[in-house]
Amino acid sequence: MMISVALPVVLPLLFGALSVMLWRSHFAQRSLGVIGTGAMLVVSVWLLADTWEHGHVVMEMGSWPAPFGIVLVSDMLAAIMVVLTGIIGFATAIYSLSGIGKMSEKFGYYPLLHLLLAGVNGAFLTGDIFNLYVWFEVMLVASFALLILGGERAQMEGAIKYVTLNLLSSMIFLTAIGLTYGLTGTLNMADIADKLSTVEDTGLVTVIAMLYLVAFGVKAAAFPFFFWLPASYHTPKVAVSALFAGLLTKVGVYALYRVFTLIFNQEVDFTHEILLWVAAATMLTGVLGAAAHYEFRRILSFHIISQIGYMILGLALFTPLAIVGGVFYIMHHIIVKANLFLISGITFVMKGTHELKLMGGIYRTHPMLGVLFLIPALSLAGLPPLSGFFAKFIIIRAGIEAEAYWAVAVALVVGLLTLYSMIKIWAEVFWKAQPEGVETDDVTSGPMVWMWVPVIMLALMTVAIGLYGEPIYQMAAMSAEQLLDPSQYIEAVLGESRQ
Amino acid sequence: MNMHSLILRTAGHFLLPLLLLFSVFLLLRGHDEPGGGFIGGLVAAAAIVLYLFSMDIQSARKVLRVDPRDVLGTGMVLAVISAIPGVFRGQPFFTAQWWEFTAPLFGEIKLSTVLIFDIGVYLVVIGSVLTIMLTLAEAEE
Amino acid sequence: MEVVMAIVVGGLYAAAIYMMLRRSIVKLVIGLVLLSNAANLLIFTVAGMTSGAPPLISPGDTVPEGVSADPLAQAVVLTAIVIGFGVLAFAVVLIHRAYEVVQADDMDQMKDTDR
């Protein structure tokens, strides 16, 4: 029996509970933060190894057999996502050592961090559609609270939009679950997939598929449901922004990948055609929004949206190569995007602002940071030999093979515009001289060291994925092969009970 | 917050122990019959909130004796720990473990990890409801 | 009975959406409450309505006698209610604090982060 599939969920819950218990001690909470996320990273790598070896790792919680009990299932995609959660969680925990402040710690930052990570991992690993809803809510409650740590006016306004739209999408999700249950009489995803293929009323199935598309589309910030993201992601603490930017929308993307490969694969012509349009519009609106803004984190927020478009494009094309590209893109994006947000935190400490117009001259004083910024920035734009190049290259090649030329054209133009806004940040923040008449806080180098460590760590990963992308490609290929053959998943979950 | 009602204050004094006892009854009854940690925790939290309404925040904190966040933390730890024993017997997480023994005066007693989980939920509900209520009440002042 | 429930659920959804389209934040939260209740009722209804047959198994048996209500849907609804309770408790605290900071119960006063 393999317990590695449950540990990425149980460990953060345990560490979260311990750090609630020790809420009086800042030192204990910080230590638990680093140790807990570090341990989570270790067990998630263990899970990846197990999954790589066995294909699927399944555990029936509480010994209740599938499809009646809740199962935790890890396939390659889920295992990859869990490892990425571990990486980002660990990086954020280290960054928080000097970047979060005593006030946030007092209001429960670390317990919420653990709870959020547990929710994210639970959502990746669960094999039960209602349990997926529960993990979504766990994640959302934690993220609501993290979003308003600090209590400034902008945070409140952002949080209200975030809370409302996310709750709305949760309710749509719950409605969809209800209808699915009415149609199939089961909540186990493998069992739903098995039963839905025998449902004759395909029109109803497609309606439910659209409800899932809207629900997860809001969570993933896909066009036209993305408005909450640029209204809220630039308001919280930088460490929180980085965590959100790296992980939260990707849970929505993961859910789309899971549901639209495993369950709704009957009317691909219709559903995935819609996904294709959504993907193209998401890419374009995101990058145009970014081009119009001059606030560091707002630009990055809009870029999350345009990058989500690429990931959905991979799913929409629905060929093996496209799925490989989509999964590769998710891996590259999570690391790069979180890193860019963390860097925006360092420049904030240096200049006391996120407004590009008020910043400048950092390359003169800190050339090292300039280089560290250029690595993820150029990777995001897709320049070789960094990770983003291969991610984009695979997706565009898949698009050409699938003869979706206009989508490919959009993807290429968006790549170019991404380069434009990254160069804009580079020129404004790092290259141009500090504008005169603007006061800047001077650098306090002492406690900032913990902010540099995760930035360097993530930058090295970006370069490593670019230079030695072969194992990453192999993992993505294996997950694509599993996603396009749902019978493997169904067999792994229901296999024993069917005999 | 104080409603200055003599009736409410007198009733609050008597109701608090009764409701707390009732909440424990609900918690233990949840073993085989309707009841359980969640509903028990709500009743206990409601008892203390009633006390808060009839008296004031200081006396509510005093009657609680510990900070609600400690209650919350203890409950969460208990709930998570109750998932673990099954693993050491080679079963999946959350698999219920039962211990039966006979004690003098009580007769046969069945203890299980389910009970630990329920107690954890009970404490989590009390802790989280009271954390929210006390924070709101203090913000009012 | 199902028809009545369908109308009730539809009415609740409509009322919820109407409330959410108002500018007042308090009404927005009321809309969310209604929406969550509508979704719960929907699950309850689509799982099939059985009156007077609780899914209880008499001692000694392993399966319930005759037709009984679907316990899974009830468990799901119960869980969803508990989650909705937690999330909405948070939402109430949030609008309370937002009101303190912004000093207005009006969405139109909250456009700073969209500029």
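In this document, chain identifiers A, B and C correspond to the written order of the chains, with residue numbering beginning at 1 in each.
Convention: a contact is a pair of C-beta atoms (placed from the backbone, for glycine too) under 8 Å apart; a residue touches a chain by one contact, two chains touch by 3 or more.
Everything quoted here is computed from the prediction, not taken from an experiment.
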item	value
A-B or A-C - the one linked by more C-beta pairs in contact	A-C
Centroid comparison with chain A (C-alpha atoms), farthest chain	B
Geometric centre distance via CA averages, chain C-chain B, whole Å	25
Whole-Å gap between the CA centroids of chain A and chain C	28
Approximate Å spacing (C-alpha centroids) for the pair chain A, chain B	36
Where chain C touches two or more other chains at once, by residue number	86, 97
Multi-partner residues of chain A (each touching 2 or more other chains)	none
Partner chain A, residues of chain C touching it in the complex	20, 25, 28, 32, 35-36, 38-40, 42-43, 46-48, 72-73, 76, 79-80, 83, 86-87, 90-91, 94-95, 97-98, 101-102, 107, 110-114
Chain B-facing residues of chain C, complex	82, 86, 89, 93, 96-97, 100
Contact footprint of chain B on chain A as seen in their complex	1, 3, 6, 10, 13-14, 16-23, 59-63
Touch list for chain B against partner chain A, complex	69-70, 72-74, 76-77, 79-81, 83-84, 86-87, 90-96
Chain C contact footprint on chain B (complex, rising order)	38, 128, 132, 135-136, 139
